[in-house]
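Order of writing sets the labels: A, B and C. Residues in every chain begin at 1.
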């Protein structure tokens, strides 16, 4: 079974959203177009559409993240779905009940979607491979592997500001090696046909095989930023500062912190992005983060629309057929 | 004041649902019939009925149980009620505010129902005896005493598969002594006129007075399973394994674990039930739990419909009269 | 920028609700009148009005308070708003992300209101000074500073029982010095034109400057209660009993605990109030708390209506203009 089969149903429609890898440009474009149609909802007096009324969306968070959980909860509520928040400490799962038994139980309660966050890479795929046919899984971040809704909101933000991807030169700056965000961004930019993708960072933080994706590697930030249209900063995980991977906070800022000075190497109308939360004075200077080229808060706003789009797409596929199948199978 | 008076209103309708004991066969049958009418809701595209719109249902959990809380929360939301989750550690209650003062406050906020979970037997009754006239209490498990919604979803599952109770021979297997589930099951089966109720377990785990309920006691599992239509397994509380009550996990499995071999003593079309979460390889073999005779996940599905039924019955009684009474009494 | 400017918009309508201080009698009266229109909602069969449908109200609790959070959550749900509960331990904020960055993110998600609870005085003002134009802030208690929704529900309760404020003599009893409730009550009573405001307590617990507000100070409780129409008790913070501020629990009760005997000094139809949770036998005798003159539970009921009123007022101001402004500004 290929990755493509897991994420798409037999009619080629998005069933799970686990990773950008293995999807197609038309699917990504459909996500962006659908998100565009939801982008106005947040600004309406009544920020709600009845699309997923009566659906049950379960946030299954094996790793705490108030921020991410909040964006999915808001997206689900604005689609009029019922939301269930379940926080599972890994210890509790291992003790009481296997993860699969827990999933079977939630399925039996007729949940429609699991939004999964897990510290282990591959957790969302594992769950998707084992859920019942009527359930969709959305990956809200798994270990170092993927954070695909973040990548799609980034693509949405780029397209709104810069239009067609094939004209764009984009730099991703920071700890590429450990970043699930970077992995997902590179796959998305590549699929959408970005003109040039660059990664910038110290040697210890760039995966060796990254150039096989057609990505250009820079260790000098000014060189890497030259003439780019989009600068995508990554968050420094301060806990990594302790080990051998990263230089000191101060040295990192000198080399790879985004300042107005370094940013002047990019195109004059380049936009600056960051997945948040930002470390001011570590990977980005406050004058840049709060400056006119920063679209960091727009990314947050767009995140709601993009998550609404993905939720609506995976649950919206031929709902009536599904219900039919399930009803007849119910008394089994 | 008898138990019957507490649970029923002056017109004999269900007001609280605390325990199966003291209820009548017509009331239990009404619960099962009402649940039948909700059983299809989970399979609909829009899994919601507007029956309890504008009602406030409060989950008052003095003992943590994500699993049970989730089923009540889903049931309430599918009835369109507003749900409030309140987790109270016993220490907090004892320090800040007496339980009665806390209840008075929630009543004053016009909550309509308390779903109560408590480690102490009798807690739900205590609360029911002290709430205001407009409040209903549903017991979601109190100590070793009762877990009546579990028992009713079990009855619902049995009736769906096996029809009339008076033809059925049913065995309950495990730690009968400490199980609130078993107590509630025995009362329900007895009231619904089951042909024969058997309990199977080691001597240390069978209450001495159980035969006064017309229950037949077996210590040998094969003998106890002979010719039964329904096998109801209980969960082994592993923490009890430490003491003198239970043999080792391995020995317990040899004697009372449900294997395909032991199950072959039952009728060929016997169903296997378990309240969950299951301890695979302790009280039940995975081949049985996941096998064709297992209805364990159907129990979970039915649990939503049965809880919807009970909530709708206790809150649905002459809502208009109640509102009238309350309005006139409001300005006191 | 004066306090008045922060709480009111340019048309003089309530935009934030942070403190009673700096507001006007017409605004307070509008809150009370609006609350009156919501007072019946809790007694209706369907306890919901669609006024804030599609609005997102975020409970930002930097200090845990199930009780207060519950009242705001119920008020928001009965106005049909979507509610997001966010509990932030101060440590987490200081580590990961600055409070302002967190606010910017929630704003970007198109939240409409922050209900703020914080252990530090001034926190709600700080947030209000820094939020985007489309956000309203409601103070749910900040340090020793203010608890204005509590004060307004007290005013509402007094007006329902006693009518016009200019005829009333009112005593506040207890730890005035540390009480955010007392501060807010004094401001509200003063603005609404109460005939006489008295505070009663030991010298150590009365602020020195309180008489500048036209408040009369009593250290003898019987003298202070003479001929009052309303007795407003404060909760004793038992943790303060350890220090030099307060005498022993027993001694405090002898001097300032409200007993039937002491209450007989007040007018025969005086009402007794308390913000809850009550310490029975410390600041109030159970016979008084549960007696015919106590309106303590009515205060709780009224709290929902008053919070609904404040939420509806701050979010109801020319919603259509707002949406217009936001939509045009959205693509920035």
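Rule of thumb we're sticking to: a residue touches a chain if its C-beta (ideal position, glycine included) is under 8 Å from a C-beta of that chain, and two chains touch if they have at least 3 such contacts.
These figures come from a predicted structure and were not determined experimentally.
Residues touching across the chain A-chain B interface largely differ between the two copies, under half of the numbers being common to both. When chain B is fitted to chain C on its Cα atoms, the angle of the rotation, on a 0 to 180 scale and to the nearest 5, is 120 degrees. Averaging C-alpha coordinates per chain places the centre of chain A 41 Å away from that of chain B. Listed for chain B are no residues, as none touches two or more other chains. For chain C in complex with chain B, the residues that touch the partner chain are 40, 42-48, 66-67, 70-71, 73-74, 77-78, 160, 276-278, 280, 297-298, 300-301, 303-304. Across the complex, chain C is touched by residues 53-56, 82, 84, 86, 88, 96-98, 101-102, 104-110, 319-320, 322-323, 326-327, 330-332 of chain B.
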